[in-house]
Amino acid sequence: MIVSIQIFLLLLVLSGVGIILFTKNIVHAAYALCLTLIGVAGVYVLLSSELLAVVQIMLYAGGVVILLAFGVMMTNRLRGEKVLSGSNNKFLGTLISISVFGGLCYIISSASFETTGGALAEDQIAQIGVSFLTDHLVAFELIAFTLLVALVGAAYLAKMAADE
Amino acid sequence: MSETMLTYTLYLAALLFSSGTYVVITKKNSIFVLIGVELMLNAGNVVLAAFSQFDPSINGQIMAIFAVVLTVCEVSIALAILLNIYRKSGVSNLDELNEIGN
Amino acid sequence: MSLIEQLNSILNELQGVWTETALMLGAIVTLLVGLIKRLDKLVIVVYLLSIVVSIALNYNNTLSGSILSGSLALSSLSSSFGFIFLIIGGLLPLFGRAKQHRTEFFFFILAMLVGSLFIMKANNLLIIYLAIELVSFCSYILTNFTFKEKSFEAGIKYLLFGAICSATMLFGLGMIYGATGTIQIRGWNEVLFSGLFAQVGFVLFLVGIFFKISLAPAHLWVPATYQEAPADAAAFMSIVPKLAALVLLQRLFNTEIFSDDHWVLRLVFALGMLTIIAGTLGAFKQRNARRMIGFGAIAHSGFLLPFALLQTTTSSDAFWYYSLIYGIMNFAAFFMLDRYEKTGIYEVADYNKSHKETWIGVVFSLILVSLVGLPPLAGFTAKFFLFSTLWESGLMMYLVVALLATVGSLFFYFRIPKSIFLSAPVDDRSINFNFSTKILATLFCIVLLLLFFVPQMVMEAQQLLNNVHE
Amino acid sequence: MKELLIILSLFLPVVGGLLSAIFNKPVVAIIGMGMSLIASALTLILGVNLQVTLEWLPGYSLGIIVDDTTLILTCLVIFISLLVHIFSMEYLKDDLGKNRYFAKLGLFTFSMIGLLLADHLILLFIFWELVGLSSYLLIGFWYRKEGVPSSARLAFMVNRVADVALLIGILMLNKDGSLNISEMNGIWLFVPSILMAIGAFGKSAQLPFSGWLTKAMVGPTPVSALIHAATMVAAGVYLLYRVGPFMHEVALTWIAVIGTLTAFYAAVCALFQHDIKKVLAYSTISQLGYMIMGVGVGAGSAAIFHLFTHAFFKAGLFLGAGAIIHYMHQATDKDAQDMRNMGGLKEKMPWTFRAFLICSLALAGIPFFSGFMSKEGIILAGWEWANQTGTWSYMIPDIGLITAFITALYVGRMVLLVFFGQSRISSSVSFTENLQIKLPLVLLALGSIWIFFNWNPLAHETWLQGFWMGNDLPVEVSSMLVMLLSIILSSAGLALAYSFFKPGSTYAESYAGFGQKKLKILLEGLYLVALYEYLGKFVSQCAEFLSKIDEKVVDGILHLLGVGTVVLAKVAALIDRFVVDGPVNLTGFVSTAIGDRLAGLSSRSVQAQMMWLIVGVILILIWILFF
Amino acid sequence: MQNILTYIFILPLIVALMMLFIPAERWGIFRRLSLATVGIQLVLAVLLMINFDSSLIPENWEGAFQFVEKVDWISMSFGSMGSISIQYFIGVDGISLPLVVLSSFVLLIGVISSWNIQEKAKGYHILYLILSSSIVGCFIALDFFLFYLCFEFMLLPMFFLIGIWGGKRRSYASIKFFLYTLLGSLFILVVMIALYLSVMDGEVHTFSMVKMLDGAYASNTVLDPGSPQLIFGYSARVLAFLFLIIGFGIKLPAVPVHTWLPDAHVEAPTPISVVLAGLLLKVGAYGLLRIAYGIFPDVAVEFSGLVAILGVISILYGGMNALAQRDLKRMVAYSSVSHMGFVLVGLASLTAVGFSGALFHMISHGLISPALFLIAGVIYDRTGNRAMENFSGLAEKMPVYTFFMAVCFFAGLGLPGLSGFVGELMVLIGAFGSDQFSMWIGILATLGIAISAAYFLWTIQRMFYGKYFVREAAWEQNMLDLNAREKLMLIPLALLIIALGVYPRWILDFSDETIRFFTQQFSLIQP
């Protein structure tokens, strides 16, 4: 069961990545990204990070992809034709990304990991909630402020664009 | 969760990361590049989540959650800037953005 | 530890973040005040007020060590650098920003201050990541604040480059987390760090910090950004986040893991030398003055780097002195660049139009001389301390590179005085500088001169301001 | 008092010269010279003998020494100089630059006196150089004329090169002992000895340095008189005379050989000159060769004696030549110095003729004239020396004798060409020999008669010799033979000259007559004549060859050296531009090139930047993995 | 009287500061102020000379200096380097005194020479006064930091003075000058740091040159001669000495790092050439003498041969180059290279007479080269051209000029009776008497005298002798003889050149005891 889910998720991610890599159509790529992100969310579930999976689907698959889609629509002349993106540096890109992949795989394969950590808490969401106000209080404060900044920034910049 | 599973997850992360690298380097359209960046960020999140399962205080997962939030912020800012650029010059491909120079 | 105890300790330790809190509040108030049309004259007042309050709070803080469940670590270094940041922030209105966009500008500056202070104090990977991202976001946004096509271009390029760096850093964070099992930087231990996985993770993590310090190979964003960002933002960006990241680096390396001859140290020193070389050589042929100074700032990152890595007391004293002087010099340089740009002079070659304004030219030249590191300006003392530190620590290669780069830097910094005074003069009557510019420029110059002749002032200031004692 | 007299006689010439320049009154210079002469004569009469030192540099006390030798030579220099002054009054009376002329003349005299007085070698070197300077200034006096600047420079440079050798020699000696001549003892090593000798060769125009002296003829003729008679060229002989006793034996031999060769070579050259001043110049070189030879064979005092007598008759000859040239300038547009344009001047300028004749005879080495006595002393000393050293050494006095013969020959030729026969130019210009011209000529001619030096016209010693150290070898009776030989040779020379160049002779105007026809007649008539002609031709060819060598080789080497230096300097300049500056420029080029790349990197597309970032990270990782 | 050195040092700075507040339109006032300032400086320097006790026989360096002033300047604690103490510490001994007097004199000549500069006169005179202060500061500083400050601070005014008031390629020349000298001064900076870390005054690290000269090293420090330390495999002391040779050698300048000099000289305005040749080169030589040789006598003994070879190469190479030049100023510039080679040889001889000769040659060259540049400037002022082939027979039109030219040229070629000869002679005596290197060095150096004669005479022949001729008719009307101002500059110079040539102990008596003490240091060291 687990294995078949794993294989399914892997296929999901791989197909998403594959489309992104080889398509020229940005809209397709955005949807493929959505596919990938959902697959990754599945992986999160398998990694017993349920909240993360939820956040992933809500924020990423929901938010980011829609943002990107809007972006595509707003920043490209949409007169019925496809929104295509050319590529350059293909050879170098391939070379670099393959060497990155190879290098990382080599590093991963040569590493050995401590897999005998303590048991995870039952109620991860509660645990995370508490930690936001205790251990990660500063981080929580900070991300809140960052969100404000990003919000103001994005809004202000977008307003400028709209004012044109 | 076995070590093998962990390793495979990490391979997946490596795949995502290097695919992101490829997209970032090769694709001309700036939104495409953003997509690549998302892939790379996701790779990082996968790594965090993968190790988080061995950590009772699940710091990795928390960090990944924060990272996701930050990513959204980043994308929104990026899109705001792209919008401005598009409005000003009608350009959305990065290689056409070459006004600045020496 | 029970939840209650934990909350109590948090309450006790909250004074460690009062400075930042005040700044955040100040930022929000600034934004709100700016929204109200009638009150928008008050923006600067609110801005300055929040800075002053923060300075007072920073002065008041006596906490040190790790606080708030290990999220932050306070030290005398972070406390004293806090003053540099806040003072630089406080000086920023001197640029005389026009009313338009002013509220938002100062809002983002305050946010960047918050981020920088957090970078400096961050004690776990999460805070490091968050704080760096906060500063980055502010920088991305501020880069666009001239609202011209080129500045948006610079903004998106900066953002994309930064995003790559942050993704790399996140990946590295994950690897470190996996290898060490903790996000606390104090929790790292030697055994775990000997593995290749952790080492690679650490390097990838460093890329994110290098991005903030603008260290090679993550320095490539600097020229375009400094060139197109508003001058005040560029001045701020070239000083505050860089120094903050350096302080962070200093703490990262201040562990026994990185003993004398650790490969990471060697790597980072090599990159530091590379940075110096790249910055110096890159500046040679630049036509845009701001871009050239930007390359100079890259080289200065390389000059600053050893302080963060060497853990001697000499190094930390020199770090303080160099940082303060670097802050003043760079601020002054960008200030002058801004004034020239306001008269329409962007290119180095155009500076000959301003040959009639001898006094400003002289003062600007002196500031550049200080950036080169020649007596009798404080830049020399800073360089002198740098060389002393390097000599004392036996970093001879670094010393040689730094010395040669100093000669090289003369070559490009002096293109501006050369253009003002030595090139065939072009008469442009429209170019003149107002009185306040002259006064301010002179003041900067006097400060730089003064700190050469009385460098002990800088050291005493650190003693005086610093209430944090480890 | 005595010091004051010495100081007066030293400084009055230069002070007088300067004052005359400032006040534009040449008379002042003459008065200065006159007073100087009186002062030095007084010192001579009083018999001053003193030594004065002054610590000039820390540890280096420069001293002057005043003894009989220096005094008598000082008197001589001042006397000759005074006469030259007087003569110049007339000779340069129309010249615009005569103010500075007298100042320079004063400086020249001053330097020479200083050189004579110097005891310390460094002090000597100082005046030595000043002599060089003043000769430069005087030779270049007519600096507008073509060829003059380069001749002046040549003279100074040749001297300078020799001076460097002298200085090196002095400095080498300094390492081991005192530089005060009066305190010297022992024998020097060969190298410093020969270096000193080279220095002397330079000043005294010996081979291979002799070229400058003929070049120096471009200066005013009275200056030539001064240079040749008493001041400049005498310096070398004087130096060698003073340091001769300390010289290494081998070096002395070398000196003798060089001196002899120079004497012979110059005499042969003189024979074939047409320019009257050139003839005199070669004769000076030749006579200096005798003196140098004298020093070399250990007859220093004989050399000084010859210096003394030579000063008189050579000054007389030059002043006479000056008068002749002065006249010729007025009389004709042709070359005023070419003897072929002269002739028959006996009637035109009788006083000049008489003085010139006496001096010529002295030069030719005819008994009853001073030149004979002193020259004889040298040749005899050479003979004695050869007696003691070895067979081959006889070459030296032998060549000396042959030179005496040639000397007589060219002297005869000169006198005959200039004064006898018919005037070769038609000119009605009359020449008044006024006092300024007559007086010096007469005095010098008188000084060339034997009686002032010794009652015995055949003696080779002089009562003046009491003034200088008698360090010569004793001369034996067998020397009578040599003396006889010498007399015969000189007379034969004169006779031969007359037979060749007597007025109306075909050879009188040129040597072109040495043609085939004449040779045939001579062969038919008298074999001796044929032999003469053959010899003459051979000598003429040799002479021409030697003259060419002088022009082409000796001067040529100097020119070559000059050209070579200039070429080398150009090469050095090129190297400077491309090689020495090269690395700097190369570094600049390379760094700007790299800088361009780096700058380009930053301004290119953001994707390229990202790529570079990632490549950088990969490189770092590789570094980690493999190092 | 006790503070006289401070007055000499500070006075120009104060006046420069005052000048800032005078409106630039009244340009005439600046030159008068400058003249007065430098004049007072000269008077003070002469007073200093009169009051100097030249009979003082020092026992150690501490006691060798007179008119010493010592005030704490910077005193701060600095990491593990301990307390940094930098003092305002000045004084003169027999070596620096003549140089101080020379400086004020040449600076005065420079002011007179710049009398006609109207363009940006304010800036010019301010920079000039700053320059004058820093030059004097170099000679009187006894604290290494102070010395370095003055040494570096000469660069800036010089850069602008050449760059703004210079000739056609002025910016190239000024940058080249700046780059070269900055490179050199960084070498010196490194040595300064090492010395600072090694020398102790009691318990405190010190920059005091006196302590460095007296060898007050803390044990086991990097430059402690007792425990030699290695850097890159070389002894630290050797490296430090070589660094100083390079650093000061650039300033001197020695072949092969001399190429900035001809360019800088050719492009600089006449007064700046005067100061550059007359004083700045002397600073390099002074640094070698005082710092390289004074502080590292043990290494100096070891490396004298090298320095001497450098010197000989400079002499011959500079001379040969001068011979090939067509530009009068360039020729003079190369002759400076050649002459400074004699200073190197004199130093390398490590004998008292060689040292005295080096010092004397510095002084004498400090008089001759300004005069030579003034001579070149006269022609340039009149025609804007200096190429030798454009002039001929100037002696006819400009006899007074020719007279001064002759004095200077003959002084340059080392004619006895003029000061140039004395220095060269003493150096050569030192070189021949030295145990440090073979006699060939001395012989080759002596050849330099012949070369110098060659180029100076060649120049005279080309430019001053022969038929009168100037290339362009427009110059004709300007070819007037020296005016009063030019005479005012050249007469004192010529008189001094002659006076020093006739009686050199004017100067040598001041330095005699100091140099004797100095050279004793070398004899104490067993090679």
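To keep things simple, chains are lettered A, B, C, D and E as they appear, and every chain counts its residues starting from 1.
FYI, contacts are C-beta pairs under 8 Å (C-beta built on N, C-alpha and C of every residue); 3 or more make two chains touch, one makes a residue touch a chain.
Model, not experiment: these values are computed from the prediction.
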Other chains in touch with both chain B and chain E: C, D
Central chain (distance from its CA mean to the mean of all protein CA atoms): E
A-B or D-E, whichever has more C-beta pairs in contact: A-B
Chain at maximum distance from chain B, centres defined as averaged CA atoms: D
Centroid comparison with chain C (C-alpha atoms), farthest chain: D
Between chain E and chain A, distance of the C-alpha-averaged centres to the nearest whole Å: 70
Inter-chain centre distance, chain C versus chain D - centres from mean C-alpha coordinates, in Å: 80
Whole-Å gap separating chain B and chain C, where each centre is the average of the chain's CA atoms: 26
Between chain B and chain D, centroid-to-centroid distance (C-alpha), Å: 96
Residues within chain A bordering two or more other chains: 88-89, 92-93, 96, 100, 108, 112-114, 117, 135-136, 139, 143, 146, 149-150, 153, 156-157, 160
For chain E, residues contacting two or more additional chains: none
Residues of chain D whose C-beta touches two or more other chains: 599, 603, 606-607, 610-611, 614-615, 621, 625
Every chain pair meeting the contact rule: A-B, A-C, A-D, B-C, B-D, C-D, C-E, D-E
Chain A-touching residues of chain D, taken from the complex the two chains share: 607-608, 611, 614-615, 618, 621, 625
Parts of chain D lying in touch with chain C, wherever the complex brings them together: 591-592, 594-596, 598-599, 601-603, 606, 609-610, 612-617, 620-621, 623-625, 627
Chain C-touching residues of chain E, taken from the complex the two chains share: 24, 73-81, 120, 123, 148-149, 152-153, 155-156, 159-160, 163-164, 170-171, 174-175, 178-179, 182-183, 186-187, 189-190, 193-194, 196-197, 231-232
Residue numbers on chain B that touch chain D, as the complex places them: 21, 24-26, 33, 94-95, 97-98, 100-102
Residue ranges of chain A touching chain D (in the complex, touch as defined): 88-89, 92-93, 96, 99-100, 103
